[in-house]
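Each chain gets a letter, A, B, C and D, in the order it is written, and its residues are counted from 1.
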Amino acid sequence: MGTFIGHISPGLAFLSFGVLYAFKFSLMVLRGEGIELVSPPRQPGLRGCLKRIPAEGVMKILYGTLAMLAEFFYPPGVYKLSLYNREKPDLPFIHPNEWQHATMYSYFAVSGWVDVLSQACLPRRLYLLESIGIALPFYIEALLLYSHMHGKERVENSVHTLLLLACCLVCLILTAEIWRPNDRVLWFAKTCLVMTQGTWLLHAAFILYRPFSGRAWRSDDVANLMFITSFFCWHIALNIVLLLAIFWLTALWHRRCSWRAALLDTQPSFPLKRPDAAGHPSEYGKLQAAEEETRLLQECDF
Amino acid sequence: MGTFIGHISPGLAFLSFGVLYAFKFSLMVLRGEGIELVSPPRQPGLRGCLKRIPAEGVMKILYGTLAMLAEFFYPPGVYKLSLYNREKPDLPFIHPNEWQHATMYSYFAVSGWVDVLSQACLPRRLYLLESIGIALPFYIEALLLYSHMHGKERVENSVHTLLLLACCLVCLILTAEIWRPNDRVLWFAKTCLVMTQGTWLLHAAFILYRPFSGRAWRSDDVANLMFITSFFCWHIALNIVLLLAIFWLTALWHRRCSWRAALLDTQPSFPLKRPDAAGHPSEYGKLQAAEEETRLLQECDF
Amino acid sequence: MGTFIGHISPGLAFLSFGVLYAFKFSLMVLRGEGIELVSPPRQPGLRGCLKRIPAEGVMKILYGTLAMLAEFFYPPGVYKLSLYNREKPDLPFIHPNEWQHATMYSYFAVSGWVDVLSQACLPRRLYLLESIGIALPFYIEALLLYSHMHGKERVENSVHTLLLLACCLVCLILTAEIWRPNDRVLWFAKTCLVMTQGTWLLHAAFILYRPFSGRAWRSDDVANLMFITSFFCWHIALNIVLLLAIFWLTALWHRRCSWRAALLDTQPSFPLKRPDAAGHPSEYGKLQAAEEETRLLQECDF
Amino acid sequence: MGTFIGHISPGLAFLSFGVLYAFKFSLMVLRGEGIELVSPPRQPGLRGCLKRIPAEGVMKILYGTLAMLAEFFYPPGVYKLSLYNREKPDLPFIHPNEWQHATMYSYFAVSGWVDVLSQACLPRRLYLLESIGIALPFYIEALLLYSHMHGKERVENSVHTLLLLACCLVCLILTAEIWRPNDRVLWFAKTCLVMTQGTWLLHAAFILYRPFSGRAWRSDDVANLMFITSFFCWHIALNIVLLLAIFWLTALWHRRCSWRAALLDTQPSFPLKRPDAAGHPSEYGKLQAAEEETRLLQECDF
């Protein structure tokens, strides 16, 4: 949908995935974990299967399916699920934007199904299929974004070109991840770019459909085109800050958890010392926290 | 040939190669085999040589030679094997399309000869030469497709640009395969892209020469250009489904074969148990089948 | 600032970084050192911290901050720190060039802060963060240079395209350095390209704002566009010569230092021989120098 | 020189280098040799130095210097060594083509000097410097070819675009060779592309300055543009055939040499058998030849 809501909703979707990735990869780095490429065999049974359903996969299925349906049936009363206009003699194609968007969203939904099948239903996780399953929708997005730009204004094209740039970089990174799934730089670069796609789509909705000045941006003003690129650079900075904030929050939470776990673990054997340490956390804790935080950051730095 | 049949025939050729690759690589994955880069020395002699002639090489020779001849002599009575028009004073070049297509097809035919020579006639297989021999025709195809687009309509150019995109990706993958011949992801990506080239050429023939609406697609309608890209995305999805179906069929067939082989192997030693298991395949077989199928899928996932 | 001084100052900044890199990497090669990816833990305390502050980081912070301020407040009396013109009814954006430049400079300043924090303040050096921190500003520079070229003359665009080319190569190299931080070819290629960016910006200032002939270069003269590329090629050669000269100077200095160190080391044990050798350095020294110089060059050649 | 001879002479130069490379790399493959990255220390002295001077380096110096001089002083009586026209008031640049070509040629000459210095004069060979020294001129050639195309006819641009394509591929390969100097596929790909550049320049001279039909190729005829690409594809095929022929000739010559060497080696110990074998070379020799030839081809196939 070439509308305000049609840019806000995928923007929120990308942003939520980016934030989810940020927490997930931060925690994995803090715990020193990697992705299991070949999982151990799993117990069959419906209950185990349901337990293992990944949130990410379900989100992709939900978002993708709803967005696809919205393209054709939103706002209520609309019905756009037809390829060509049967009433005209030369049967021209109609709703090209809707079909392109629906194609894009359904690839994301399928990637969600692949995740669910691989992580929950199959006897073993097939990580390779999941990698390919998530790389493909971004390639399709890039292809469709590129062909989306026929016969549009320069402002709209600039906005979409920058989105295409972020999307192509995500494609490159996801392709590299097929062969290097445990590269931490790739994890965070991907996360940051997905978040940038999200916030940029949110901004794009305002630029294209609700300009703050109340008037549409004029394409014949070079200053407008130059500011679009500047804004994109600011989005990158903003998302890096957001990513660092999430990492820091996760590190705080993780330290508290592992501290509590260590407490529970060691309480029986050192009943006197630990409460002491816990009683004066101000100095010892601070020092330890700073050290640990750095060590955790180090792990990011392989 | 810039005709209906001139797009249908290479489309069928690419599709048949794609399907052949799909079966071949599925079987290799299921058997856990790789490509032998340096074969053991082989017995000389014409009979052994004839036995070793690969189907793929013969197909390439046949298709390439026939298509090349068809460019110049089809339909019967036509004779286009001349570079320039001797009747005009400035000797202008004629039949540029035919010569470009013939160049392309002859590279594929030569790749076929390289396969046959390497796999059947030489004392040892030269896999490296075969890799280079198949990468080259796709580079030539990309180059000629690119220069093919001078002065054509936008609909035709969009169709050929997408074909060029698939072709360039095949070039990239085949170049990577020169150094990584046993990468399974590359095998299946190549297979899927070759199949996509095939089905897309079939579709292109209809778009350009037999539109379903009975009227030529208009280049000034942006909806047409956008739908061409959407259709291409659907072709990719279609070919992935086809590839998975072929893998599943091959897995079924392979399981049956290896089961029978195991049966024959072990029959003398467990004469009582095996017929039993064979008599009630419903339960044991199903369970085993599901497990094995997953294990086979796993092998794909290294 | 699209002015003479606005091209001279970043030119000098890039050139000074290039020269700094040239000395630094030459010395590292001559000493056979690599970059410590994970430093040993460091002593806390303000004094140690201040000692460890890297010159490079401080230079980046200073240059970046000053240049950013100059964009908005130079020459004195100017005030450009506003995004849009509040006096006009449609609130048009103003100062697009200034905001683009300020964005670029602040990324470099942030990279300086990352260097200072990582090398001086944190308990351990985080080399990976520094690598990413310096790669990012060049990506942003490339993006902004690209969007800078809307609606300008062809001479200006040619000059900026060549700058963009050097910048993109630096991006590529810095990205490769994230994974291969100790590759000596990458070190010197980066150094040479950063120096080329510097001298080219100096030259560009003269081409665009103070042409030697006293008249502006005409964009409709193809000879001008061709000479711009030739000049760029000469800059590359010039900077390679400069780089070799710096390497040679560093090698001279390093030999003298290590010779003196060896002298001090061995003086107690060979009190008679050494002064002798030092007394007639003409022959022995020359031979040794030539040999050592070559050995040092060899180390560059891994 | 944008003249017939100005395209013929670099064409012959590239072709001669390609043929030289073809013999050199064929022999290295047949002998199972690689490039010595770090040579053993060498004896000083002028005689040893002169003996070690490489033919390739001398060729580069000679060709480069002569071509550079020819740009400015050929045909005799011409003097073009001036950057701008002092007689006109606005001092316009003159001879842009000559200066671009001279820049290109001098980079090749410098690469020759680097080869001579590294292989003959320095105590040890610096292979890395040689690799960089030969990669650089091709990058400069690509850059200048690209900027060469301003305001020319489409036929000339098509011809130069294809040359640029070959040149860019050579750049890529030479860059890869800096890190993988002993990759045999890269050796032969480079050889073939350099030869193609040579023959294509020869052909280009005829297309642009001496068309066989006697009339200039018209740029408004699409057939001409399409045939230029077809011809380029035929050049690639031709050069592959030429490369295979040179490999076969080298293999013949190498077999004869190693056979004679083996004869001389073993004659004292088996004085009776060898003459026998040498007396009936028809059967035994043929078989051995075929086997050895294949083995040698195999070595190409690592």
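Everything that follows uses one rule, which is that contacts are C-beta pairs under 8 Å (C-beta built on N, C-alpha and C of every residue); 3 or more make two chains touch, one makes a residue touch a chain.
Because the structure is a prediction, the values reported are computed rather than measured.
Touching chain A and chain D together: B, C. The angle of the rotation carrying chain B onto chain D, fitted on C-alpha atoms and rounded to the nearest 5, is 90°. Look at the contact of chain A with chain C and you find different residues on each copy: under half of the numbers used there are shared.
Taking the CA centroid of chain A as reference, the farthest chain centroid is that of D.
Mean C-alpha position of chain C lies 35 Å from that of chain D. Each chain gets one centre point, the mean of its Cα atoms, and the points for chain B and chain C are 50 Å apart.
Multi-chain contact residues of chain B (touching two or more other chains): none found. Taken together, the touching pairs link the chains into one ring where each has two partners. Of all possible chain pairs, the ones that touch are A-B, A-C, B-D, C-D.
Against chain A, the residues of chain B that register as touching in their complex are 158, 165, 185, 212-213, 215, 221-230, 232-234, 236-237, 240, 290-291, 294, 297-298, 300-302.
Contact residues of chain B toward chain D in the complex are 37-38, 83-84, 90-94, 96-97, 99-100, 103, 107, 110, 122-124, 126-129, 132, 136, 140, 143-144, 146-148, 150-151, 178-179.
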